[in-house]
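Okay, got some structures for you below.
Presented sequentially are two complexes of chain A, the first with chain B as partner and the second with chain C.
This part shows the complex of A and B:
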């Protein structure tokens, strides 16, 4: 019995070993593919963390967020500030980003955690529109140009042999792997079960001894911490922290990715991140004058149409749909 | 800048917020969906107006074209997409978030289509009247002939809506369908058709708002995102269920933000609206003017 259980739900140690194995595989892979694909890999890793933050908040805790880009901005700006103003090393700024965004998320969560449905959607939407505008207005944050955020070269003697893109990919992939391990452990722990209980039925959850309000605020805090990490990874790929990086479009893109990958489980995040990076890539070769407009706007239309279809046909994500189809065949 | 001037300056933009709030509330009452795609619908209608303006060179024809486009797009969206989504998605565990996400998908499609058809650049939109401040007894006030036109147009549109809602049997059906769809259906009214009509009216209001605000904000596929947030805030001030509440909420927000901008500076405008939105949602989710039970669901 015990063996059966552990084969279904790997323990934390097994997950960490698996993560190290995946990391080693990615390390080998990064030496085999070309520079541009490596850069895209870094993008996937950054988006992946952002999507995890949405899956935690919306998929597990049941609170919709249209403004995850705003939490990413908080993380990215605080990371860039501590490097520029206090001279902290880059690696430390990643921790600062997570902590700053989580604190901010806690404050927002205390108020927004009491809202639900369209009200929460509207409030987080306002947040997503407002934070870049606010960042633009605060002088220390560098206005429209923003602040630079350069993760530099690999340390010591590797600086010459490891290309900047490869170094970037390693950092982003490491962040993503750590984020996945933490998120999976968290969601299969008591906290994750509490979130799902509150999402399924708030009153019933309260009757079984869960404090729904506290559970929601915790979900907001944790999710924002992940968003902060996503923000700093994302800024590392851009090399810059500016209001124009954290638009409403970014928030929507991440939400789209989380729905297309399947919002009800962490495992969907990888698929979602791949989709939102790959679809625009398909059109990148269309650079002639006549097709440039199409190449710019068609990916957005396709992704949005996929989002609509996914909500209509498989609201819980493609994995759920596959499950249903498989079930139907057995009958 | 004295206080009276500041108040006056907020009236016409407040009237535009009222229109957007009106559109959002109308859709919310009929379908229980907050139409985040309204920003895209309004921009699309405004682009249609701009195209007519460029082709014919007549402001009034363009205005009418934009309103008609808004009505058609609103009806189309309800019949082809919303009806299907609401039916399919509300059975899943993600029922509360599905309509919101579907509306975002729709917004993305609209913005992409607009980019394809009209390009992504900010384009100016013409006005029928001067946008210089009117002079009264030698003093120029921050209220132009165009502002006056905006205000009068919104007043006329709202009066038209009020007459329809309060004095016609169609309006009665719409009010009935909003608050008791089952009973209305039993009374022999085609509620689905009434819903389509609600979306069509809302689309028209959005198109009108787009044409009225475009000379100030210019027009681009995503130039109305902020307007949507302000319209939503206005609707929440009014309680999201009360049309008159939304209209008054829009005016109050426009004037209030104008005061903040006038005395504290433009960078505080959005923060004020956001804080106001959060405070109202927390303290009075039923809205300042809403009397009925709180709606947090």
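This part shows the complex of A and C:
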């Protein structure tokens, strides 16, 4: 992943080979670790895709979002609906989630194209609040209890030998790897450069022939597609698509993860996802006293404190900080 | 010579001591079951310890732990101490899946006890290995009748009487005491509320036009029920059923006061058991202002509610009396109320189930013991615990709150307990003939 920053960028083919190697490594690892860690691995993979969607939009295109949970919800509900109502196979529902969320993102992107900075953040925040409430009010979406989304067991003869957790992990990890490859290729392509140019200086970008409005809408659309994939992966881990899964807290959690990992690089997404899944687990196992108010809120307090520290000490994220330190040593 | 004799005596004494210990019930070896060691039995629980729905319910888990601490001090279950891992799911299904997965896969608990919430536990049953690993899922703290399904959920046993039973008992009481009156209802819009609606339908209770109101309270805080309560008021409902969680019930009562309850408006409120703990209702109201507390109390005074346990204020009751003692000593600083009673009683049932499972319990022996002996366990419940059919308690009594928020049987004297089943094809209700077993000496079960 560091390759993104180096001057000798690997070709798309090399990236794909690297991704296959990582996939193989994860496959082997999934046979060595216990089921709970595998379950957490699936969660990390789902959050990872969600964070990438923020990194693309905010880190690369410079558009602030507070409502990524809403786009995840659109993807997840679409996936569940096409399985339940039209009998589509589960694998196809993942594509539907991406397309539906991307379309939704395109519409929002066009209408929000005139907004920027805090105004855009406000608009996306409204979606984060509104979409779960809306889902609650539409009967076909199953109200508060939502819809079931069951990825079931491994196919054929593997159903008995492969644990449901491994199956879940493989699917989520595959989605995450595909998402990373696409995101890395995209950001190192002309489109990625256009996004960064618009983020750095909109007028200058326009003078050099880039259409900033179109570039922003495209970023919104692509980012929403990733969010849709994150939404469907996340729903697979809990077997459920419900308003309570896509709260404002989820949007903020993903944003926190993206800042902690480093919002300006795809490589930070993995760190961010690991932090938001692992930190609560560590602190919960330290305290193990849910009856104490402080223990219940401790993981949230710690993650928030890390966020504040990160913004104060390394606003570009720890990965950027490390990069700068390394860079300094070279001179 | 003398030294050799002394040694022989010492060896003899040691052998006798070991034999004595073995006979007195200390297990010789660790049982072959997850979560059971030579010295401990680890149990898991998820509940709403924080979040919008948590007030009141967040006291149940710690109350269970306090009772277990008491039993541990008295020697535990056949020498093993009970460890309760309590996880906070915030009443959100997604969290419940995460937490139950953690309890089963990482903490490797022997059994789940008292998991609270309908939607949360439905999600957990669907996406965690409760069924696959045959994890005993004891005394689920909800009245959703769908859980009492030995075929679908073979290891799940309920604690509360079903919401269908509750609705039937409520319907009978309303029909008997308020014939011809217009009825309205406020219910939680999920399987909890819908189960209740199914019971009212089975009992043939009909609601006035505009008098069926719902609220959603799982993921969002119950921000306001003004719209719903105003609708109920304008529907002309004379009897209003509130079938919701405690936090929502508190808001409903406070809103009713603001809409003129007690002055220009005087419907009869009747509340479901899970939302009716007066201490929590008044604490929730009082958390804002003294006026808010007074307003809630005004709406609560004269309201009716159903209960399956004795009133927490009934200090003459032998179970209540003992549990208050345990609460004072082992649950320090926690105000005694109905939630603490619910938790202690639940924990006492768990201890009896563990004892019935034998000296070296397995998950299978625990389930078998509960099925065959659950109905005989001593508990504060006024009706039979129908564990043979995976059902919880089977009856309710009707009480009325006085002006200080204390509930007492409507007809004075001993509560009359009504029993029903969870069938939706009839609304039959009968007066229970159940005789409650006496409290075990010192509150410590000795069953086997």
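Methods note: the second predicted complex is superposed on the first by the 309 of 331 C-alpha atoms of A that agree within 3 Å, B and C clash if a C-alpha of one lies under 4 Å from a C-alpha of the other, contacts with A are read in each partner's own complex, and residues count from 1 in each chain.
The rule is simple: a residue touches a chain if its C-beta (ideal position, glycine included) is under 8 Å from a C-beta of that chain, and two chains touch if they have at least 3 such contacts.
Worth saying up front: this structure is predicted, and the values here are computed from it rather than measured.
Trainee: Of the partners chain B and chain C, which touch A:259 in the superposed model: first, second, both, neither?
Mentor: First partner only, chain B.
Trainee: Could you look at A:267 and tell me whether it touches chain B, chain C, both or neither (first, second, both, neither)?
Mentor: So A:267 meets neither chain B nor chain C here.
Trainee: After lining up the shared chain so the two structures overlap, which partner does A:84 touch, if you call chain B first and chain C second: first, second, both or neither?
Mentor: Neither partner.
Trainee: Which partner does A:245 contact after superposing on A: first (chain B), second (chain C), both, neither?
Mentor: second
Trainee: Does chain A have more residues touched by chain B or by chain C?
Mentor: Higher number of touched chain A residues: B.
Trainee: Going by the contact rule set out at the top, does A:133 touch chain B (first), chain C (second), both, or neither?
Mentor: both
Trainee: Looking at the overlay, what does A:188 touch: chain B (first), chain C (second), both, or neither?
Mentor: neither
Trainee: From the superposed pair, tell me which chain A residues show up as contacts to chain B and also as contacts to chain C.
Mentor: Comparing the two interfaces on chain A, one with chain B and one with chain C, the shared residues are 133, 136, 293, 296-297.
Trainee: Across the complex, what residues on chain C touch chain A?
Mentor: 49-50, 58, 61-62, 65, 85-88, 92-94, 97-98, 101-102, 105-106, 119, 122-123, 126-127, 129, 189-191, 216-220
Trainee: Mind listing the chain B positions that touch chain A in their complex?
Mentor: 28, 33-34, 36, 81, 84-85, 88-89, 92-98, 100-102, 104-109, 111-113, 115-116, 119-120, 222, 225-226, 228-229, 232-233, 236, 240, 267, 270-271, 273-274, 277-278, 281-282, 285, 296-297
Trainee: Using the touch definition from the top, list the residues of chain A that touch chain B in their complex.
Mentor: Against chain B, the touching part of chain A is residues 58, 62, 64, 66, 111-112, 114-119, 121-123, 125-127, 129-130, 133-134, 136-137, 199-200, 248-249, 252, 255-256, 259, 263-264, 293-294, 296-298, 300-301, 303-305, 307-308, 311-313, 315-316.
Trainee: Which of the residues in chain A come into contact with chain C in the complex?
Mentor: 34-36, 39, 43, 132-133, 136, 143-146, 148, 150, 164-165, 237-240, 242-245, 247, 281, 284, 288-291, 293, 296-297
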